[in-house]
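Here come two complexes built around chain A, the first alongside chain B, the second alongside chain C.
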Partner chain A sequence: MTDHFDAIVVGAGPSGNAAAYVMAKAGLSVLQIDRGEYPGSKNVQGAILYSDALERIIPDFRDSAPLERHVVEQRFWMLSEKSHTGAQYRSDDFNEEKPNRYTILRAQFDKWFSKQVRAAGAILITETTVKDLVKNDAGKVIGVLTDREGGPIFADVVVLAEGVNGVVGQRAGLRPEIKPNHVALAVKETHFLPEETIRERFNLAGEEDGVVIEVIGSVSSGMVGTGFLYTNKESISIGVGCILSDFAQTRVPPYELLDRFKRHPSVAPLLKGAEMKEYVAHLIPEGGYDAIPTLTGDGWLIVGDAGQFVNAVHREGSNLAMTSGRLAAESLIQLKAEGKPVTNENLKLYRDKLADSFVMKDLKKYRKVPHLLERNRQLLTTYPSALNRAFQSFLRVDGVDKRTKEAEALRDLKKARGGWLRMASDLFKVARAWR
Partner chain B sequence: MDEPIIEALEPPKPAPTGLNIVVCIKQVPDSAQIRVHPVTNTIMRQGVPTIINPYDLFALEEALRLRDEYGGQVTVLSMGPPMAEDALRRALGLGADKAVLITDRRFAGSDTLATSFALTAALTTLAEERPIDIVFTGKQTIDGDTAQVGPGIARRMGLNQLTYVSAIDSLDLAAQGIVVRRRSEGGVQVLRSKLPCLITMLEDTNTIRRGTVQDLLRAARADVTVWSAEQAGVEDPMKCGLRGSPTVVKRVFAPSPRAEKAEMVTVEGKTPAQIGDALIDLLFARDPKLEAVVTAAAR
Partner chain C sequence: MTDKKDKPAPKMEERLYQNRYQVDEGRSHVQIHQQNKGDSPELQAMTDLCPAGCYRLNEAGRVEVVADGCMECGSCRIVCQSTGEIEWSYPRGGYGILFKFG
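Up next, the complex of A and B:
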């Protein structure tokens, strides 16, 4: 007998887990397939978890999920070679009963999420790579082929939750190959530090409180990219990510970029004495709205990173992944209840739900940002260093009068950017992209 | 007169054919991923992935091969905490037919004596259902490393024990006999034994198969039988766990490195013989006593 499921979910990251959980909970028969040894085995990074998206799937997740710290403070840094100018926001309001953001370690979190998925009734098979989709004569997707013996497995729908560089959709001709200027390559390390040291260094009241630092400027060495640093319970996650095509062009090795970041005088003291535990490199889809592939077809749909659902400006990904997974599941549950087949036409339901959600709205809002940054690198180089110079001159007491200092700072900025007109146009472009 | 009562007999079950094999597997921390806490220098077990003791996979594969050739069933048996069910499910995905976990607070802290006692009880209970032809274990584990559990079971169950087996040459179901190769010091022994027997399998003797899609689906859906000490047939709980374990770990420490430094010596020579002679001259020059001992022994 061949096996037939209501749905097959390819991938056990946040998007696949969300989709499988919601469907299984509603009584659909769900098979989830991941190539890793166990869910999360390929996702060994620290990250920010946005509570809201998960809360809508598992309301009481805080009772059992492995959470590191909740974020009470956010720092934004503009880096130049030896300085940083920053803004920070900290609030005791973030010490709420149900905190809004947490730092997590993905390996542990994904494992926990997967356990909930199985408890909800989905079947998971691991160490199994989906090789291809099976289509019927009419071109409708009816199942998957794996790298194991035993033939195809069939389902009414295949949910592609295979992440940014998943090749199943590409191989089946459902989505185009990703372009190097539509993905960032992020390298990240986890550094071990005793809990008390983290608390002291980041001025934290408790072992549950955490800090996030977001960095632009010299951290990306002229490429389009950002750096970040999070505090976990007993470790610090630090990394940089830049557009892949920029790495290819500048030939700067990613780990060297990260090393420079770690040696920066503003960063080095935070990491002093820490022991490096893990090093990972991973792609992040950052092409934004215009890079989103076709999301549905007869018998299949795409969720999560595979659909380019990442808001690079706000460094949000897993929440878009979970939300798209949930919306896909809810759509499929409804189709099943109404006895409707999973056709591209009927999947308009999913496309509409997505369009109505923050996922598509935010991606649309920042639609122009990827293009803007790609074409206006000065935004990430000239301005941060000019700003740092200006601040230094402003603070240094050296017998020069203040008016002269201000004029110098402005002249410096004008010179760096080559004229006021250029600056005005930069401002206009940023405002337009942000709107 | 009453009608004669005709007993409604269930149709007799077909007698089970083929071999009944049980493979003992242990879930162990993946030693490749164990981390030492940089501050307290203790092993951080939390978050360390667990795996099936790698040696046990050679036992499992050998059992599956015998089943495929002679028919029958392979049951995997483990003693451990509830999460050891993961290891058993994995074994089902590799092709095992049934899985039994014996888990009980009273098993905690078992040394090899108590472990083989508990496993023997479970094996005996399993054998009541259907006599066992072969019990397999791995040669040893990667965390305890004692290689005692297999022989301990064999002794208790009164089974012939075939240890360090590198290959199974032949098996005769009708005559209840088996011929195996066993690695021993100085050579390979070919042993013939009666069934039932216990085999501890040597490493690198085969390659564990990849289960098929159907194996994995079956494993994901299968119920792992979970037994408490009582259900496993343990009669004397004093022989279990910490209380049944005479072994006491007094201290764990990393041996300090030897004081004397190793040194690399270089000698010249055109042929291997010349190099060898030059090396021996050098060593003898350094240590005249060694020369006396060696030349005396050579005479």
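Up next, the complex of A and C:
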């Protein structure tokens, strides 16, 4: 192995794989390092894969990638103790030749992606943890130190695709430690059921069709958080995640929250008889735009979760990871072609590409949402339960006239929130954060 | 769902039973540096917060960690960053949790 590469990529998740693949395809010498036994063995996702971001890297990915089901129906649930109010959208248009969203199992998907990266010419070493970055006297990053025997490995640039914890970047002093209110802690279980049972329970026509459910309300027990339930071919992924500082404050054990969600009368029948085969936990960066660290420096740049690139409102992360990885790679390929060194100044190219992409545009759009939810928990508690009560009263036929029922529902809502003015102000705040 | 009266949750051992680990015997990647003045509220919170139940109170009422079931989420590292009670690093390459599905 040569000991100098065009690029070293730390991490073989979606962001690192995208970066390594694009650079290797263009003929750059790439060394990728992952601490897992195989790529994916440390990684967690819901998981919905968004085709577009991957298609721009591997157009024919559908031919070989391990995909579970394509999404034909999306449900949104507002949960209260014993009920849910929901909206759902299903369309036969989603049964298109090249579906837009799939469910996947990340451990298997990452293994597949990594195989493509190696076929493109990158060298991968697994079971190796990067411990630190090597800098020259001028402070430029010139390589990495790992927990393997042997000295440092050098490169023109180190791509930090190390995921949400960002430990390497922090220890090297490139970025601050993460704040507990900028990440969500998520726990998830995978429950196995026969394929036909899933099809029947979710009213699906084919074994390729899938349903995904996003959940707010009592699922987070008053914390800022959400739940999800996704159908895979022969299993159901179910999970819940809340802001870490909320968990620390309420001291609700995350697995208890998950168990309550599983026992909810709207959820339990979907899981009945299933066999749980894995329980996982992982952080999700949810601080949004204002939590993004410095992304570039002399000889290094950050992609994916390490850069806090997650759109929590739309539950998108892996696509931002792949896109930032691809844009970083394209920038580095261009710098090399122009014979320019990888300095912070020249990496403006990457920063500009990011700013021009949906990654930064979406994060900017929802910039105020994390603060909004942190300060206005009623949005995730009061309203979902008031809505559920209103629906119950509306649907229950009990001799009370409809006008009285309507007035009661409105009074209930007003009381729950403590007045119309407060509600108007909530509406205004949401509208402003959404713009 | 604010009830505390729910059925008891399955034991953590049962929950983690299906998971695959490559334990690095004798090398814990999470360690506690006990403070003389007692455990901080942050460290105490870990007894509820750690998704793998790695933190427990011992007989003396102090927080202890046994990281064999650790899923390497990093929560304890982040929650206790300002107290200096936790020394945390990734396990050696190849060791620790091995997700089958993720």
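The working rule: the second predicted complex is superposed on the first by the 430 of 435 C-alpha atoms of A that agree within 3 Å, B and C clash if a C-alpha of one lies under 4 Å from a C-alpha of the other, contacts with A are read in each partner's own complex, and residues count from 1 in each chain.
Note that in this section a residue touches a chain if its C-beta (ideal position, glycine included) is under 8 Å from a C-beta of that chain, and two chains touch if they have at least 3 such contacts.
Note that this is a predicted model, so its numbers are computed, not measured.
Chemist: Quick check on the superposed pair: does A:A47 touch chain B, chain C, both, or neither? Answer first, second, both or neither.
Modeler: Only chain C; A:A47 stays clear of chain B.
Chemist: Tell me the contact category for A:A355 with respect to chain B and chain C: first, second, both or neither.
Modeler: After superposition on chain A, A:A355 lies in contact with neither partner.
Chemist: Please indicate which partner A:E37 is in contact with in the superposed arrangement: first for chain B, second for chain C, both, or neither.
Modeler: both
Chemist: Which chain makes contact with more of the residues of chain A, chain B or else chain C?
Modeler: It is C that touches the greater number of chain A residues.
Chemist: Would you sort A:D3 into first (chain B), second (chain C), both or neither based on which partner it touches?
Modeler: In the superposed model, A:D3 contacts chain B only, not chain C.
Chemist: Could you look at A:K277 and tell me whether it touches chain B, chain C, both or neither (first, second, both, neither)?
Modeler: both
Chemist: Which partner chains sit in contact with A:R148 here, chain B, chain C, both or neither? Use first/second/both/neither.
Modeler: After superposing on A, A:R148 lies in contact with both chain B and chain C.
Chemist: Based on the superposed arrangement, let me know which partner A:L244 touches: chain B (first), chain C (second), both, or neither?
Modeler: second
Chemist: On the A-aligned overlay, A:T128 touches which partner chain: chain B = first, chain C = second, or both, or neither?
Modeler: After superposing on A, A:T128 lies in contact with both chain B and chain C.
Chemist: When the two structures are overlaid on chain A, which partner does A:Q108 contact: first (chain B), second (chain C), both, or neither?
Modeler: Both: A:Q108 reaches chain B and chain C.
Chemist: Let me check the overlay on chain A: which residues of chain A are in contact with chain B and also with chain C?
Modeler: Residues 37, 41, 107-108, 128, 146, 148, 277 of chain A touch both chain B and chain C.
Chemist: Help me check something: in the complex, which residues belonging to chain A touch chain C?
Modeler: Touch list, chain A to chain C: 35-37, 40-45, 47, 79, 81, 105-108, 110, 126-129, 146-148, 164-165, 167, 177-180, 183, 185, 187, 190, 218-219, 221-222, 235, 237, 244-245, 247-249, 251-256, 259-261, 263-264, 276-283.
Chemist: Quick check on the complex: what are the chain C residues that touch chain A?
Modeler: It comes out as residues 1-3, 6-7, 9-10, 12, 15-16, 18-19, 22, 42, 45, 48-49, 51-53, 71-75, 77-79, 81, 89-94, 96-102.
Chemist: For the complex, which residues does chain A have touching chain B?
Modeler: Residues in contact with chain B: 3, 31, 37-38, 41, 107-108, 123-125, 128, 146, 148-151, 153, 192, 194, 275, 277.
Chemist: Applying the document's contact rule, which stretches of chain B touch chain A when the two form their complex?
Modeler: Chain B reaches chain A through residues 35, 38-39, 47, 49, 93, 210-217, 220-221.
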